[in-house]
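Order of writing sets the labels: A, B, C, D and E. Residues in every chain begin at 1.
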Amino acid sequence: MPEVPTNGSSSDFRTEVINATPGGENLRICLQCGTCGGSCPSGPDMDYSPRQLFAMIDAGFRDDVLKSNTPWYCVSCYYCTVRCPKEIPITDIMYTLKQMAVKEHLYDDSDAPEWSESFIGFVETYGRSFELGLATRYHLTHSPLSKFSLGPFAIGMVTKNRLAFLPERIEGINQLKAILERAKQLEAEQ
Amino acid sequence: MSEKGVLALYWAASCGGCEIAVLGINEKILDVAAAFDIVFWPCVLDGKVRDIEKMDDKSIDLCFFNGAIRTSEQEYMARLMRQKSKVLVAFGSCAQEGCIPGLANATTKEAIFQTAYHDTPSTVNPDGIRPQTETEVAEGTLYLPFFYETVKTLGQTVDVDYYLPGCPPEPERIWDAIVAILENKLPAPGSVIGAETTVCDDCPRTRDEKKIKEFKRTWEIVPDPDICLLEQGLVCCGIATRAGCGALCPTVGSPCIGCYGPNEGVEDFGARMMTALASVIDSDDPEEIDRIIHEGIPDPIGTFYRFSLAHSELRRIALPANGGSDAKLETAESA
Amino acid sequence: MKYGYYPGCSLGKSAKPYDDSTKAIADQLGMSFEEIDDWNCCGATEYFSLNKTAAYALVARNLALAAKQDSLTDLVAPCSACYLNLRKTDDYMGKYPKIGDLTNESLAAGGLSYEPGSLRVRHLLDVVVEDIGFESISEKVTNPLTNLWVAPYYGCMVVRPEFGDTDPVDAEYPVTMDHLMETLGATVVDFPLKTHCCGGHMTQISSDTAFELIRQLLHNADESNADVIVTICPMCQLNLDAYQTQVNRHFGTNYKIPILYFTQLIGLAMGIPAKKLGVGKEFVSASAALKKIGLEVEEEPAPAGKRKKDDKSLPMPSGRVEG
Amino acid sequence: MADERFEPKIIAFLCNWCSYRAADLAGTARIKYEPNIRMLRVMCSGRVDPSFVLKAFALGADGVMIAGCHPGECHYLEQNYKTMRRFSMLKHTLQAMGMEDDRVRLQWASAAEGVLLAGAINEMIEQVRALGPLDWPKNWSENGNIEEAIEQLVEEHAEAMEVPV
Amino acid sequence: MAERVGVYICHCGSNIAGKVDVEDVSQWAGEELDNVVISRDYEFMCSSLGQELIEDDIKNEGLTRVVVGACSPHLHERTFRKACSNAGLNPYLCQMASLREQVSWVTEDEALATAKSKAMISGAVERVQLHEELEPTEVPVNPHSLVVGGGIAGIQTALELANSGNPVILVEREPSIGGHMAQFDKTFPTLDCSACILTPNMSDVSSHPNITLLSYSEVEEVTGFVGNFHVRIRKKARYVIEEDCTGCGICIEKCPKSVIDEVFEAGIGYRKSIYRPFPQAVPKYPVLDAETCIYFEKGTCKACEKFCPTNAIDFEQKDTFIDIDVGNIILATGYDTFDSRKIPQYGYGRLANVFTSLEFERLCNAAGPTNGHIVLRDGVTTPKSVAIIHCVGSRDTRFNAHCSAVCCMSALKFGHLVIEKTGAEVHSFYTDMRPSFKDYEEFYNRLLEEGMHFTRGRVAEVTEAALQPGEEGKLIIQVEDTLIGRQRRIPVDMVILMTALEPKPDAREVGLKFGISCSMAGWFTERHPKLDPVATMTDGIFIAGACQGPKDIPASVSQGAAAAARVLGMIMKGAVEIEPIVATIHEERCSGCRICNTLCPFNAIDYLEDKMVSVINQALCKGCGTCVAACPAQAITGAHYSNEQIFAEIEGLLFDVVQGNGAKPVVEEPEAVPA
């Protein structure tokens, strides 16, 4: 039987989340009404609804929150953000949670972080995204046997001349790398 | 008063009109001479400062001090006369409120020196020499008084017992004051010897409710001889100026310029004029109000503070380098 | 009018038809596009999950480059995700000084800087509707899309979130593209899911989630007898088009709804050859739907409807907020 | 010194009916504003005599705000129009005196406008802070040179006194 | 002789003490400020113990002046003045510093808050020493009262006052009194028929000898002051001569023009161009709506005129004005409802079978457009399932931050009516269930027993998009059931939106007209939220009912009665004290320049031709001080706001600046002469 916590592990987790999210102060006035959870297109597949996540954040269940699949199932449709009666920037909070989870390697249950990382890998190397490479790399390493198969998709894309075979590299890639390098440094200092 | 009293008169930064006004009491000057030993009156009698310095404190019964304070020498004299006098009277507008010399506070010392020693057409000063507070000569060091940036009133310099307003005070009022002193019928120390009403009280013009749509300059209109000048748009300061002159100017159709100073209890003459005039402007439209004021009163300091700038709350215009160091003053002097 | 053009990665290849059709209609509508030199990927929705400062910097490089480009005032992105990232970065850099400072500090490493607010970031639909306007478009229509039933699909990222100047109704139930399609002569079907999610990147992460969302959209459009779903976003197009077969297989359904870009339909209505508009590159063929164009069936206007004596129905409130 | 932020002192005259209540409301609503403002209550902004403003500056205030009901909303019907006229006149004179415009402000605020008033206060504090200290009395301080000069004179006279007559 | 000043710093619990170091302020005042002989800090100065502290010090320590640093003087100036006067000190020798509203509540930094508090205390101490003893003046109270708004709160107030024998003028903007309550079917939790309990009171109003009812009228202008208000009322043209009209209704019957009734029928019913909102309307006279009348539009028709048996139709009628004098005014102007179209995902205005709560009230009202049949928008189909969505536009920072207070109970009432009348399934989607008053929880229980379903969750959207079997042709409620933590889709036939109660759109304007303030949201502000809920900051103006905030019928009625009691108190006393804050012209200093003559809007200043001076009629003076500030000769002084007092306060407020900046030259006896 799991242990009943006497209290959450981190009393200041909510402040941490708020500080990392521009305009996040309204998280303090969350009414637990469920507008976000009801509006979420991927809600049924989340282990906690956004609303539950906010209650857990308040309760200080840091690890459970950062291990949750919820932020990773966020499709950035911003329904919750525009509907929230307390004007909480929920989508941005999901980005904050994802970044925290990646930083602390707490979310290991899904392929989502790897998808993001693969995508960004190409962007950081070439300055542009590269769909064929991305899809191939990602699928070969993560879910070669998933019910989603790359085959018909890729074949179609190629026959319709909608998939590039070679990545495109921007001219100012070194400039971009310098910018991103500096940005990462600044982020680490935060 | 069985024994003769001791009287002193002194003249600091002023035009000399006050001295003449004293003589304006005509033959009554003999009564004054009969009542007082005049120990010090540099304008009229020979006398030495050191003689005054040697006197016992408070050994002068009455001192009429006219003129504002604008140099260290004047300040020294003010302090000296205060120390030696039982009753110190700020005599005339300069001593009371700075008067015309006080208008120097609408400019700066540097600008004054520049004008006086360089810019006036009659000045020939090829070496650009300016007077210095200290000058080395073969015989030693020569000193000149230090010229103040800001003109002060007598009251801002030393404690003053009574004020006698006017530029200059009217002879009748001077005589009244002397009588009051002789008869020991003085009001409370610190007060003004004069009326408690304003020039309007003496003004023969008829007056009505006031609404001003436009301020007029004196050359713009020939005023109606019977009705209030203010109602005709002329900025007449009679409404705020202490009575005492007999409303000489408005009676003959010239608006009062406020030489008799503010009414009893008023700290800032200009504020009274500003608020009274503004209150009766006949417009509720901010832009029109601005226009009426800016067009009608191009020189607010000259209009509202002609006689009282040094005595006003703000005393002077802002110095260009407000809060500047000593070095700045030095530069201004030595430039 | 001249616009800065940020095509984004998709329009280079997977959404080439969007790029082609945009360029094809630009001339006729009096829009001139100047591509941002050496633009980079906007990071889609992925970079913000990993590193926010880097994500803003990545987007801001494009803004900085665009702002440097001579006399550009408006920056147009046809891709919804690109539009949102550009717009949001511009907005947040101004609204949250900390983001502005960090971003500019990062840009400085590449010798760039960006003053938030110096560009107006806009989506292509907004430009077409606001700057060109229905009236001048209707003047250009030579082949009205009469009898073509279209489901206007806006997706998420153009209508949401709100940046202060948008009508809340638009975030939930926008109608600009509906009016645009009507201007082109098409019949607009009621499409309640018009601003719902196409699944986004969930096709890659959890296909179950994505397929269900795609199914809902196809189902809803099919219910309304739409001949075509018209979209303003490469991701929406890709998900609904390229995955339609697999969705059918997954759910045992048989949807065959072509997904076209709004620019393609504008082009067709203006008489531009289909090929020039990239029509034909879609997975689910639009040929059957496009056959309907040209049928001249005069639609009877619904009578104003005088209330009958035995009419028991209650009056309906108007749909828009008053005042 | 350079690091120390200048904290201006601003005097505000608030009318009893609108702006003082707006200040009350800002309080009740816990709207924060900077503490550099010190408020006086008058029954109506029409009570504000220009000499109040001059006095505040003469005593060393860095700025003065006059707040009243919106024009047309005066509790005393129309008295704030007089305030408007006097403010224009006062400002005209202060300009001639060399005072920066931002140091005086006429602010209309209804009893419901706590947020507006707090915002105006913060804005004015910022503006005055940017102008720096006014310290009007320093204008006539002669930089402390007076006593030195008088001493000089006293010394000189003392020397003269030593010379036998 | 120097004054003996006592300084009292209130902690106000933690309201002040939580931000300001009150001990430090009080100690500092005692040590640093001249003439302060006692300085104390205390938990609650306004408590009786706090007041006794002052009283004892006045008696035992011979205080001659009192300074209290506490809340805004608008709250407790009276309290502390009274304490002074209890101890034999003139009440006007007391001064307050608003350390709570102007310091602790608005300042972030504690040290700066303490410093600011010291400045404010210093200002008050300097000022109070120059205070003068003043005696309030008394003015009689006109026993007539004006009630604005004829909803249930206004009706209650009018009847209470009238029954006590005092004349009342009741002004109502609409053609009939009754307000929202007249639109309702039943009232919670008793399920009384709303009309059955309201209409007897309405007819009492119409027949009461002490009540003058002015319907279809609005207040145009209010002048004067407590006890003596002058009010101008616009009586809008009805185009019906009330003296001749018998209320037979033939004109309504014969009128050929039918229009949607947006007001009384909430937009789901029709009325004629000449109409009475409902059969029991008070007064009985109809109103002709010129905007839709065929005659006014086209110049012909006049059916009403032709058929009127008493020639009571007058197409030439114009608005008229009525001037009245009253002693007190009660505002009971009510509320409005939120426009649900601002939340587009609920589909109101787009999805036919989404109704607002007000529409539903009319729908199930036996006198409504469907004769009380609960049907869909088609007018015939009875719903088999109904969803009730709570908090539409309430508890939402984008629209109304407040809880509308009545919707939970209305929703339960609706649930009961639907079940009773149709047997349909009813689902309530609530955020928090708040049945808080007498018998309300019991009513909630009753609905649970009756089988109403309750889902805790704010509805995400209402959609007609059927995605799963069983959803076709329905409205689907998409929601997170927060108690389960799962999304649910519930197909229903009808949706009722419990729309928020909002302030009237013109509340701010009305407030200004009567000289009272509104909250940020637009509700009228009471003098004290707990202890003085029906009075306002303006003496003689009272508020009752939902214009002060969302309220149900019992609360509105209570407030109506409370406001009447407050007014009766004033009438019984017969006179009110007016603050002696007036201006005086000192004749000996006045030179009759007449600058002040045009400045007084209350005509309190007269010019005496014979003496050539101006004088102030103190009964008319309201104490604004504008003439005081204008006098060029400084011949006018303002009681309690004299120049000296204000200068002293400025100097006190700037105590830390004045120290050593040369503003106050210290003229020492100069040592000019060499020793």
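Just so we're on the same page, a contact is a pair of C-beta atoms (placed from the backbone, for glycine too) under 8 Å apart; a residue touches a chain by one contact, two chains touch by 3 or more.
This is a predicted model, so every value here is computed, not measured.
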| field | Where chain B and chain D overlap in contact partners, by chain label | value | E
| field | Number of steps on the shortest touching-chain route linking chain A and chain D | value | 2
| Which of D-E and B-E has more C-beta contact pairs | D-E
| query | Approximately how many whole Å separate the CA-defined centres of chain A and chain B? | reply | 80
| task | Go ahead and note the Å separation of the Cα centroids belonging to chain C and chain E. | result | 48
| remark: Distance between the CA centroids of chain C and chain D (whole Å) is 56
| request: Scan chain B for residues touching two or more other chains and write them down. | output: 53, 76, 79, 272, 275, 279
| field | For chain C, residues that touch 2 or more chains besides their own | value | 168, 171-172
| said: Show the residues in chain D shared as contacts by 2 or more other chains, in ascending order. | reply: 49, 51, 55, 58, 78, 82, 86, 135-136, 138, 140, 150, 154, 157, 161
| message | If I apply the definition of touch given earlier, which pairs of chains qualify? | response | A-C, A-E, B-D, B-E, C-E, D-E
| request: Flag every residue of chain A that touches chain E in the complex, lowest number first. | output: 26, 29, 31-40, 43-44, 48-49, 51-52, 79, 83, 85-87
| request: Over in the complex, which chain E residues touch chain A? Could you list them? | output: 345, 391, 395-398, 431, 456-461, 478-482, 485-487
| note | Note: in the complex, chain A contacts chain C through residues 22-23, 41-42, 44-45, 71-73, 75-79, 81-82, 89, 91, 95-96, 98-99, 102, 110-113, 115-117, 119-120, 123, 127-131, 135, 138, 146-148, 152-153, 156-157, 160-164, 168, 170-172, 175-176, 178-184, 186-187, 190
| said: Quick check: in the complex, which residue numbers of chain E touch chain B? | reply: 588-599, 607, 612, 626, 629-635, 665, 667, 669-670, 672-674
| said: Help me check something: in the complex, which residues belonging to chain C touch chain E? | reply: 168-169, 171-173, 190, 192-193, 216, 219-220, 223, 311-322
